[in-house]
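Quick one: the structure is below, questions incoming.
Labels run A, B, C, D, E and F following the written order; every chain starts at residue 1.
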């Protein structure tokens, strides 16, 4: 299998430690993360050759991003240095009945000011077979949107498989155009699309009447069918499912429509959540890995959901896990036993 | 709305960090707290003009108390400096099947040696509309008991609304008189009283036979009716309810009798408890806020209980939260979602 | 009651803090522990005169072992200093759906190279009434196995009561002989044996056909009967039970066969697990304490299981608890209440 | 004495802990600070009525700024909430032969986008006698520069005493005009000016030929005389002196020209530096305090320099110290003795 | 050599971590210490059989004292449990030009309320050859003073060698009698006395005119001679010397008058001070060790001063060091080399 | 310039934090380091293409080594996974008058059991121009010694430049042969040798009579001349110099003999030492960089010594620094100034 290339923004994440509120803290835990970098790290952990393309400032923080990605096995040869600042987000992690809160401080970042032509896609896609991006990049700024289209088109021209995580963030879309206008254009290029039911409906406009007596699974299958009809390029469609009413305990699952075959993953109870940010990205990384490694849609979606579930036990945006660990969870190994 | 004034003892709380036992620890987490200060902080967080009256020593610790209260928006103009020491309590927080343990070291504190006349109630109550105190103050020492009566009478004379949290602590009453002797006299002055069923029964002597087949809610209503009859000044009576058999997971609720109207709050499951000390005080703060802000007993008690529940997610005695956050929880916002 | 003597290996345990993965950590929490030392500490906490016999290197780490044991009230007079290194194990504690992982680094330790004759059993057993060891010691090395037999025989000669925790660790048995060969020989010397159903079956070869419709308790009783028949010296046999599918939440229980009487402990839900390593050792310590203090098999097994459950709330290998705390849990005191 | 008002930008300072490099750290220590806020905190600690005027975003970070200032006794009634982000600076504290490094990330901050008219100077200066600002504010942005002039003129109109710390930061001046153009205009309004020799020379253009054989003190006196001639409004001029070639050990001093009287402070050796950021601001705060409290230029400059020296022992931008502590240092109390 | 017994108060020391000021800290580092316990720990580290007599409360803190002392090899068999609270002192460690500050909170402690007869001196002195106490105990309370006399007389009766560290603390003497009245009576019982020149002069009234041209060493010799004349029981007199004007760097030395022989220790530069509290106690412990182990006054005083110097590198009150480490320092081993 | 390849053992370093003694600590700071890996990291920081060859176990610790090296820019393609354990060393960092102490626990490590033929030198040296090793590798075990010779010969055959740091560690040489026997054989292969005067004399037997009146520099020049005569292959010889009598403050310098030219570096005062382990390795890395980048022996040795000095300010074995930072120090930039 050739290289997977992911593209997007990576930020410094500053989180209050030990469940403190911002008003109380005298320090912030520092991690680096962003949806597409998180996918890259997950894939590197699962043994893939993966490269990450982005732009970070040429200062100690930009260099730390490079170091952290290299540490986790991601190729950073195509990371571009430039711009004024690294995007930041502050995180106050929730617990129990208190929700997590995020303060974005990412305007005018190195990535948001990235211009077309600054990335050498020929070099970046050399040896690549898969390109992954998300709906965050076009939301960040007009320049980032234009570069996203540039990337997607370059990938298409070279015949790469293309995957997208919708990852709709309402607050980010304020540079002039709307998600409803841009996102469907991007989805049209994609082989693989991952999203949740709400975003498919509101952003992509793929709405299906839910029939009385219909199970959620039947309803989700109908959405996938409608998606596939609306976006004929889409060969694999994943809808992720998360429910639960506590910041410390959720249930996660997902469904996969694979060229007409429809499979449903088991639901994982994720309790005692250490860090839920990046859970969806780990699902996405698991999906790419699962689709490549298994010739079996059921195993692919199971691996994806288990990958997402396992992320909730790891601090930071990145899922630090091996293929074998996810397989263990997917195959029902009891986490209540000490592995010694 | 005019100022709310609270009066009582504030202590240095020294808690073992990270669920350590006292024998293991090489440090103690430091917070400042006391039932009435906790109510003041909750009210300040909810946007009220609130002032705290107490006595602390004129050393670095007393000054830290002043600083910490000012930080959280409490007016400390009437904090008196004097005495020899700040009361201390050591806390070994429980987890799972291990209960929390408290060691009091509060004898001869600046508050316990506070004498009548040391506080200028004219100044303290200037612009005030509400006075809050608890059953802890009269328990601390003979002097503190006398000053509590002094305060309550001064408040009454000025026509302030008076609220009391019974907060019965058996171990503290050892200066000569009993809670059963003193507490009913104080309750007689109060417009608003909060307590639990056990304390109403044992300390105030308000006992009601529970009928066979009677629900808990009917039984609690009967207690409130009996309270109102025994203490005609009481216009609002709250009984708080806590159940559960783990130090990390409780269920909390409460009922409000408001001049004859009886309403019951929904029960909140508080899991993954970060810190349960101060939960009752946050309920009390929420009750005062709810009674003032809402013209609706149901909303008032719901806000009070949600305020108490949310406290369990915050380190320290203080509930650091906004009115909007408590409203969110009260209105069913899903804490399982990241607010970004 | 005379002294209890325990014998085995103690190691430096290096655990990633705050649920970090090894790849993330920049420090390791340090504790000292080993199955038999853990039993000794539990017994010291319950008020017993207990002595620990082992071999540690004559360097700062060996001295730290001595200090830590003395701190928790264990007599270390018979701790022998010598050898090249202290055994180490690295622990990555699990959480939620991620299992705990252990990396052993104990080869060629001071204990593994302990030779017969290096311990003065006359001195070690002076004043002793009970000797406890586990199935780990004979697994460590040929020398340690020989010294274990030396110890058991010396105890038998002096008429001490002998207890053994099977504690089968498959990965350790690689010095030439198998557990199946050695362990039954050691069990033959024992008055008290603790293990789980799987180890009794696979290592001791005590297999009982499970009948259709038979309850687990009936099945476990049959195993105990078969054990007692196969090993006539065994007067008390305990089978421990642990179930659950999360690293943060288990259910623990156990059964005791006491010279023909068969009793079953209630099941404890251990949620919000702080540290599960040493849980079985604390059960063993509680069993010895329970058998000595109570003249009642039901109380003995209840105390043992409560002791094991409580351990899950304490960091490190050691259970730091008093007899009264375990009794409180065993008698149904509500851990949801603050003890003040 | 009436109120002192200071005006400028306050930022979140994120510093690597324990002398770590940025590449190594997994957390940042969080403090809030800015030159003028630091002066305000120093003055509050010395018992002055002081108010701080600035603009911070209406989010958890802006609120934390408010809390932190209130905690240290600064009046924040005139803190304006608005704008998109709080300015940030990253600090890698130096040690020994490694210099401290700062990464500014303050573009487009709430302060930088502050517009004329957003601050109600009538309200802000009500009851005030002294206004303090620095050369950082006009450097930040065109808007901030305009508002600085607005503030200075408003203060002049109301007859306030005006002080300025030159605080020249070359990297900040990039919005169009130069420091050489703007700064002299601001200095013309000032009663009190503090700076170092280099900045007086290069930015204000006050250059004096150094004569052969002239001592540093004679040379500095000549500079002051030239300053006074060039800027007739200046009644007190301070030149600060810092020397040393290690990040952990410096020597600090200063001279004061007070309406013709010229005095030199003793030099303090500041070793084992905990945090040198804010040292100059603490000197400035000490100068204002010294000029007001002492009718003696020598005592004023001695207090100022001692105040600056003491700051090096305190983490964060703020000097947390009392008037008595600075006096102790100024009067030669031995810091080698434990005060008990 | 027989057992050394020390007697006095041990407290919980709560120190701000990482050079923070009390106003900044959110935790306190916890150590247990007291002058006489510190001497005991030093002696245990040097290989002596040493026992500590005191009174601590029967709660988790009192038990932690017991544990900590046992850990460091001190016999606690004669530690009495009782009373209401453990004495506390808060420490804000100084650095550079900021002095350390202590807040005592030790009134009404278990030790201060210790009454005559509560300690069984027959048992405590069984097998003992040396008794050590300090001038702190008689200062604490009338009861503690009486018990100190009880102890000293009991030691004298049994023929023990008696040593005293004057350790004059002006703030503690407020129970009615003065140090000047009590201390000389206690010194009369002593074989060995350690103090500094100021205390010998002001408290014991041993004043010697300093002659013009006299060296400090000649002057100190004259003081020793005068002491020996005034207190004929004194066989060894040590005057300790500390100078320096930074909280991080001191010079320490001392002189010993040994039955007429007068020797002067070299001066140690103690830089980069980690913790200076307990330095004098470690000197005292080193003195006892030196007098016993060496038949050479010069070596004895050198060992004492080196022991005191080394303490400055260790956190907490206790000097955790071996005889060999002190000898190394005393013999000029280069601490600039890594011992590997 | 082609790739630099370094070869040797890397260990887990476990150091007590915050100047604690081993007996006090409840955690160890974890770093990975070894002399040759440290050189590799220094060179990567200075912008070189550098590869590290070693053997680490195939477990989480071995993987962490790989990650950490990649993070700092070292190519780990030729890192071999295998063997049973990662070598460990415990470090108790010294301070002031207390020396640092090291406990080695490296027997039977993955490196010590590395056998000839396990490393593919053709692959490892592909594209390489320089090979660096130290005198530690042949000391570790017979197998490691044999593989070191294998490596040196392979490098020689391919015409690589070869450098060696003598790094004599007396305690390690216990597998049968002596350093005196092996080391000279290795030095014969080297173009560049770094060591100190003592090791050159005692291990290599290069002894020169020091003449009366001769300066240290003349003496050192004579040693270099004798070295060059005894080992004709040596083209550059460096003698490092370290002096000072405190664990927190040293003076470092060095001399370079470069094919007959003799130059002396200035002496750096390294105060407030953060971590001195790896200082020599950073000097070595700086030497390789200096010899390659500068065509000037004086600049080369100055860069080397500055590189070593700067390391003392960085936690861990690795020197995390850029070429520009070392140049700054070498060129006299004042570290007392904040770089902003």
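The criterion applied here is as follows: a contact is a pair of C-beta atoms (placed from the backbone, for glycine too) under 8 Å apart; a residue touches a chain by one contact, two chains touch by 3 or more.
It should be emphasised that the depicted structure is a prediction, and the values quoted were computed from it without experimental measurement.
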Greatest Cα-centroid separation from chain B: which chain?
F
Could you work out which pair in A-C, A-B or B-D copies the interface of C-E, where over half of the contact pairs coincide by residue number?
B-D
Rounded to the nearest whole Å, what is the centre-to-centre distance of chain B and chain E, using the mean of the C-alpha atoms as each centre?
45
When the C-alpha atoms of chain B and chain F are each averaged to a single point, how far apart are the two points in Å?
63
Which parts of chain E, given as residue numbers and ranges, touch two or more other chains?
18, 21, 23-24, 26, 67, 71-72, 101, 272
Which of the residues in chain D end up touching chain F in this complex?
18-21, 23-24, 94-102, 104, 169, 171, 242-250, 272, 276-277
Quick check on the complex: what are the chain B residues that touch chain D?
67-68, 70-73
Residues of chain A defined as touching chain D within the complex
14, 17, 21-23, 25-31, 59-61, 63-64, 67, 84-86, 88, 90, 92, 101, 103, 105, 107-108
Can you list the residues on chain B that touch chain A in the complex?
18, 71-72, 268-274, 309-310, 312-316, 320, 325, 328-329, 333-340
